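First chain written, first letter: the chains are A, B and C, and each begins at residue 1.
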Amino acid sequence: MSLWEYANPKKFLTTSERVLPVFWWLSGACIVIGLIWGFFFTPDDYRQGSTVKIIYLHVPSALMAINAWLMMLVASLIWLIRRHHVSALAARAAAPVGATMTVIALVTGAIWGQPMWGTWWAWDPRLTSFLILFLFYLGYIALWSAIEDPDTAADLTSVLCLVGSVFAILSRYAVNFWNQGLHQGASVMRAGAITGTDTEEKVSNIFFFPLMVCMVGFVLLFIALVLYRTGTEIRARRIRALMARERMAA
Amino acid sequence: MTLTVSDLSIARGGLPVLQGVSFALARGEALVLRGPNGIGKTTLLRTLAGLQPPITGQIDGNEETIAYAGHADGLKPTLTVEENLHFWAEIFGTKEIATAIDAYELNGLRSRPAGALSAGQKRRLGLARMLVTGRPIWVLDEPTVSLDTGAVAMFADAVRAHLGKGGSALIATHIELGLDARLLDLGGYRASLPALDDFDGSFV
Amino acid sequence: MKALLIRDLKLAMRAGGGFGLGLAFFLIVTVLIPFSVGPQSALLATIAPGGLWLGALLACLLSLDRLLALDWEDGTLDLLATAPLPLESVVTIKALAHWLTTGLPLVLIAPALGVLLSLPAPGYFWLVISLLVGTPALSVIGTFGAALTVGLKRGGLLLSLLVLPLYVPTLIFGAEVARRGATGMEATTPLLLLAGITAGVTALLPFASAAVLRVNLR
């Protein structure tokens, strides 16, 4: 029994169909619990007031915006090395989800930024990086849809994903160099945040736990969406293949 | 230099077209490929030239030995006949283009831009390119398109001379070239549909 | 290898080669900047380094879709792929030829256009240096984009969509050098970073370009 068995489209479909409901329900439950907990059962921040509550959407979506790209990178590498079609299709399936997460992160960020910084948009490094990431997603999706032959498309987009990852990191540092910015640091995962010793720039326990639940919910939601969409891609490919067989037989 | 092909299967656009193709092409030998349109002649030749990978099977002796001529001649309209040939001669590390010019009677056209040539003249120039490559195995895809009978004879002579010098040629063509060549009908190698429940097989 | 470079340069110079189009485009963009932001020379001086960099970048982008597409259409790429020259060298030389016919002229004309935008005196040196160091990266990255989209009928727009995000780091460091130079600030750090990008992409990206070109050729 090896992991690569799931690279078989049929095996993937039967397995993903079995586990999908679990992911849907778990992610739904986590997000609902996390959001209700976060919105109604946590106090307002002493400086940011109730606006802080948008972190329950903002942080998880930003997290998934990056993780989706990472997942696409891994899937692209698997395709390039092991030539499993499901892997390439999973990367393709993840891209629009990742792009949507990026948009959610950007929009919630703007909504949060308006009262906090007094502006919807600032060319802060973190915001700028996310905007660039969004452009990468757009290019990746556009390349997939522009190429007729599925294997060629998978190869080209995989290389683009690899090269794009390097340039995304480069851009991140370039943008940092370019403008120091006003965004608060990534404060969720810092050690002090978990122990809640320092309240200045870190997220304390009371916000942290519902946020954690939301993040788990978003991760599960992402997995569910990607599994579902990959299944759709597999079926689309199968229909294509069957139609080609018909033409060949005729 | 012998080109050996064993149990080759190839695909076009993700669909297998030929399977189990095996043949050997020895020095001084010419092989003419036959088969109806769409059987996969071009795909086979491109695979032999190393432009695309086979699905399965083995090709031996095609490393740096093949001069390929496809449907397009790779000519630059703003370069002269001479410049076009010189370019390919230098890319393949040979210097001499006079033989090629003579073989296809391009002398009067030497300094004419390739864009001002007729279709047949362009084709002659494209075929002359084979002579400047210095490669022993010629792989030609429909070389006689738009050639008149005189030019076809020139081409046949060039191939004969090439074979005489120990080269070999693999030609996909439908016309009779008057060459002492073996025939390979690809009709017998048409790929059968792959099983539907292969590993990843439900895609092809 | 020399033969390919010489051929590409010849082709660019001859009729229909498109040599000079990039320059004309650069000139027009530069002329349009004052029309769009106003003629105050103080304002123009502030945006001159960035405006010129952006203009140069767009001028580079303009000619990318011809970079490999012409050789693709007439079958030259197929034949080159079967030639003794590795495709990695082919794409490197193509990028070099593109830089010599597009990037280098842009570098040379940039000071003249700087005058139009009232670029401050200390800025000229840094503008030219930054373009000289940065434009090769634009050509190399552009070649990758051209290799990705070479098989597509209308790849031009997609090419821009793919290449422009990849241009971000080069643009940031390049324009930063020119901007700092123009305002008399120390500019060697971004210049070194820019040189690092150029060196890095020139060393590594041709492998990716050749790989995608092989995929497109099969």
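Things to note:
FYI, a contact is a pair of C-beta atoms (placed from the backbone, for glycine too) under 8 Å apart; a residue touches a chain by one contact, two chains touch by 3 or more.
Keep in mind it's a predicted model, so treat the numbers as computed, not measured.
The chain with its CA mean position farthest from that of subunit B is A. Set against one another, A-B and A-C show the most C-beta pairs in contact at A-C. For the pair subunit B and subunit C, the distance between C-alpha centroids works out to 37 Å. For the pair subunit A and subunit B, the distance between mean C-alpha positions equals 48 Å.
With centres taken as mean Cα positions, subunit C sits 32 Å from subunit A. Annotation for subunit C: residues 218 touch two or more other chains.
The residues of subunit C lying in touch with subunit A in their complex are 144, 148-149, 151-152, 155, 158, 161-162, 164-166, 168-169, 172-173, 176, 190, 193, 197, 205, 208, 211-212, 215-216, 218.
Within the complex formed with subunit B, the subunit A residues making contact are 7-10, 84-85, 149-151, 237-238, 241, 244-245, 248-249. Partner subunit C is touched in their complex by these residues of subunit A: 132, 135-136, 138-139, 142-143, 146-147, 152, 155-156, 159-160, 162-164, 167, 170-171, 173-175, 177-178. Every residue of subunit B that touches subunit C in the complex is listed here, in rising order: 46, 49-53, 64, 66-76, 78-79, 83, 86-88, 90-93, 129, 133.
Of all the residues in subunit B, the ones that touch subunit A in their complex are 13-15, 193, 197, 199-200, 202-204.
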